[in-house]
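Below you'll find the structure, written out as structure tokens, and then a few comments.
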Amino acid sequence: MSRITVEDCHKLVEAEYPLAVYFGFRTEELGEGRARVRMAYSPKLLRYGGTVSGPALMAIADFAMYLVVLTLYDYDAAVRAVTTNLNVNFLRPPGRHDIVAEARVQKGGRRLCFIEVTVFSDGDDRPVAHCTGAYALPAEGG
Amino acid sequence: MSRITVEDCHKLVEAEYPLAVYFGFRTEELGEGRARVRMAYSPKLLRYGGTVSGPALMAIADFAMYLVVLTLYDYDAAVRAVTTNLNVNFLRPPGRHDIVAEARVQKGGRRLCFIEVTVFSDGDDRPVAHCTGAYALPAEGG
Amino acid sequence: MSRITVEDCHKLVEAEYPLAVYFGFRTEELGEGRARVRMAYSPKLLRYGGTVSGPALMAIADFAMYLVVLTLYDYDAAVRAVTTNLNVNFLRPPGRHDIVAEARVQKGGRRLCFIEVTVFSDGDDRPVAHCTGAYALPAEGG
Amino acid sequence: MSRITVEDCHKLVEAEYPLAVYFGFRTEELGEGRARVRMAYSPKLLRYGGTVSGPALMAIADFAMYLVVLTLYDYDAAVRAVTTNLNVNFLRPPGRHDIVAEARVQKGGRRLCFIEVTVFSDGDDRPVAHCTGAYALPAEGG
């Protein structure tokens, strides 16, 4: 079971994460160790060539990873977790559609949480990007 | 010598890259195979905990990499180059300062250009993030 | 359908890849865009602490990726493909068991082939390492 | 100043790391947060096409990273440190020469140590591979 609700995520984003508001991230589904996030298509996301820019795809992937952490750990620790490493492969140019990121935990350790994210252009089941990374949980008493 | 001027970069960003306008990327210096970009501090870049968010750091790194490609290759090809892989390590939380990204080419091949970016919090010479990645040049005649 | 047989792989390894002989890689299964490889447990694979060393896990992951390329492309091109990027996350220390790597293609492009590998300690379905990477196919006529 | 000597490294390798013996790693220089390692050219390192194989380059990079950790932390902790993430870009095929890896710390934190390694083919100052990664120090009392 997730330790956080979709509604809590919306509140956290509005209060604490202006970039997520700008990108229009919408948490669609949360479960223990998994999250699905949508970013509505908008011309403001494009880069040269009319495709959704790499940084927008990385931003939604990182956000989906953060949600996975929030589903797994005590809220006070999870909310302070920080990305230590993120690796992205860009597989195909996304079309002019919504972007959907599906994240799932690979290993939820005491100090590091490893997460995998597959990013889709809505309506196409071939991924546009694949991302792996790690969040570090705050040191106990830290 | 760079194949593109700082002035050309400003025009390209304004015409083609709304995210770079939102983030406030400012190209400061270009040379053959290197670029320095600044992102002015703004509360809109923050995440929980009051530190500049990871996606903002990844966005400036990716943008600096793109500029390096533009300094090295024929403009019509370079502008269509796309990121294939990007890896970031987050070393320290940046303070509430401007962010400066310094990129330099590692290998400018015919098909792939490998680039390294070191990201600083302005006024501190210890990097906040380090990034490596590759851009793919469009296929000839492609 | 795979473009190469398990038997062909064994011959290629013996003729061309002494490290694979040293590590004892054994191709177990090949399909179009996927491969499974086993490395028999041996004390010579260990590092300090008595766990299978990271480089042994990376070597089997890279080899499984290479096999995936061989299943997908014309042999003369595939055999000359080279790794351009490889990223590994080490999730758990493997026990003193055989290591099994399962690789599958993420995107088989004309110039780059992106592949994902999950590495297991035999008998445990929780991965010990997860790897993504890209192989570059030789330029046509190259 | 390094917390470990070159002589200590040789002993550690011989006692604990058979792969390093197989690859013929030779620690050439150690300083606080930096290490240089050589791998003598040998046909057993080659892959198809007659170039030093990717896994051999990753192995020397990972080993050089480990030495950097040993130069920085208390020996009993450092020797138990484990790689959590390693990312390699392969820039050029190495020739039939010795391989030299030069590693330096990027950030030596209490829990994670980030390290960068540049790998050369001896006699050529253009790198053949570039690697970044992190080692996790054991938990205190762990």
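Should a chain be cited, it is by its letter among A, B, C and D, assigned in written order, with residues numbered from 1 in that chain.
By our rule, a contact is a pair of C-beta atoms (placed from the backbone, for glycine too) under 8 Å apart; a residue touches a chain by one contact, two chains touch by 3 or more.
Since we're looking at a predicted model, the values are computed, not measured.
Engineer: Report the chain whose CA-based centre is farthest from the CA-based centre of chain A.
Structural biologist: So the farthest one, by centre of C-alpha atoms, is D.
Engineer: Look at the interfaces B-D and B-C and say which one is made up of more C-beta pairs in contact.
Structural biologist: Top pair by contacting C-beta pairs is B-D.
Engineer: Quick check: how many Å separate the C-alpha centres of chain B and chain D?
Structural biologist: 29
Engineer: Roughly how many whole angstrom separate the Cα centroids of chain C and chain D?
Structural biologist: 21
Engineer: So what's the Cα centroid distance for chain B and chain C, whole Å?
Structural biologist: So the centre of chain B lies 33 Å away from the centre of chain C.
Engineer: Provide the list of chain A residues touching at least two other chains, using ranges where the numbers run on.
Structural biologist: 84-85, 87, 89, 134
Engineer: Please output the residues of chain A touching chain C within their complex, sorted ascending.
Structural biologist: It comes out as residues 85, 87, 89, 91-92, 106-107, 114, 116, 126-127, 130, 132, 134.
Engineer: For the complex, give me every residue of chain B touching chain A.
Structural biologist: The contact residues of chain B facing chain A are 12, 16-19, 22, 43-49, 51, 53-56, 58-59, 62-63, 79-80, 82-90, 93.
Engineer: Touching residues of chain B toward chain C in the complex: what are they?
Structural biologist: So the residues of chain B in touch with chain C come to 84-85, 87, 110-112, 134, 136, 139.
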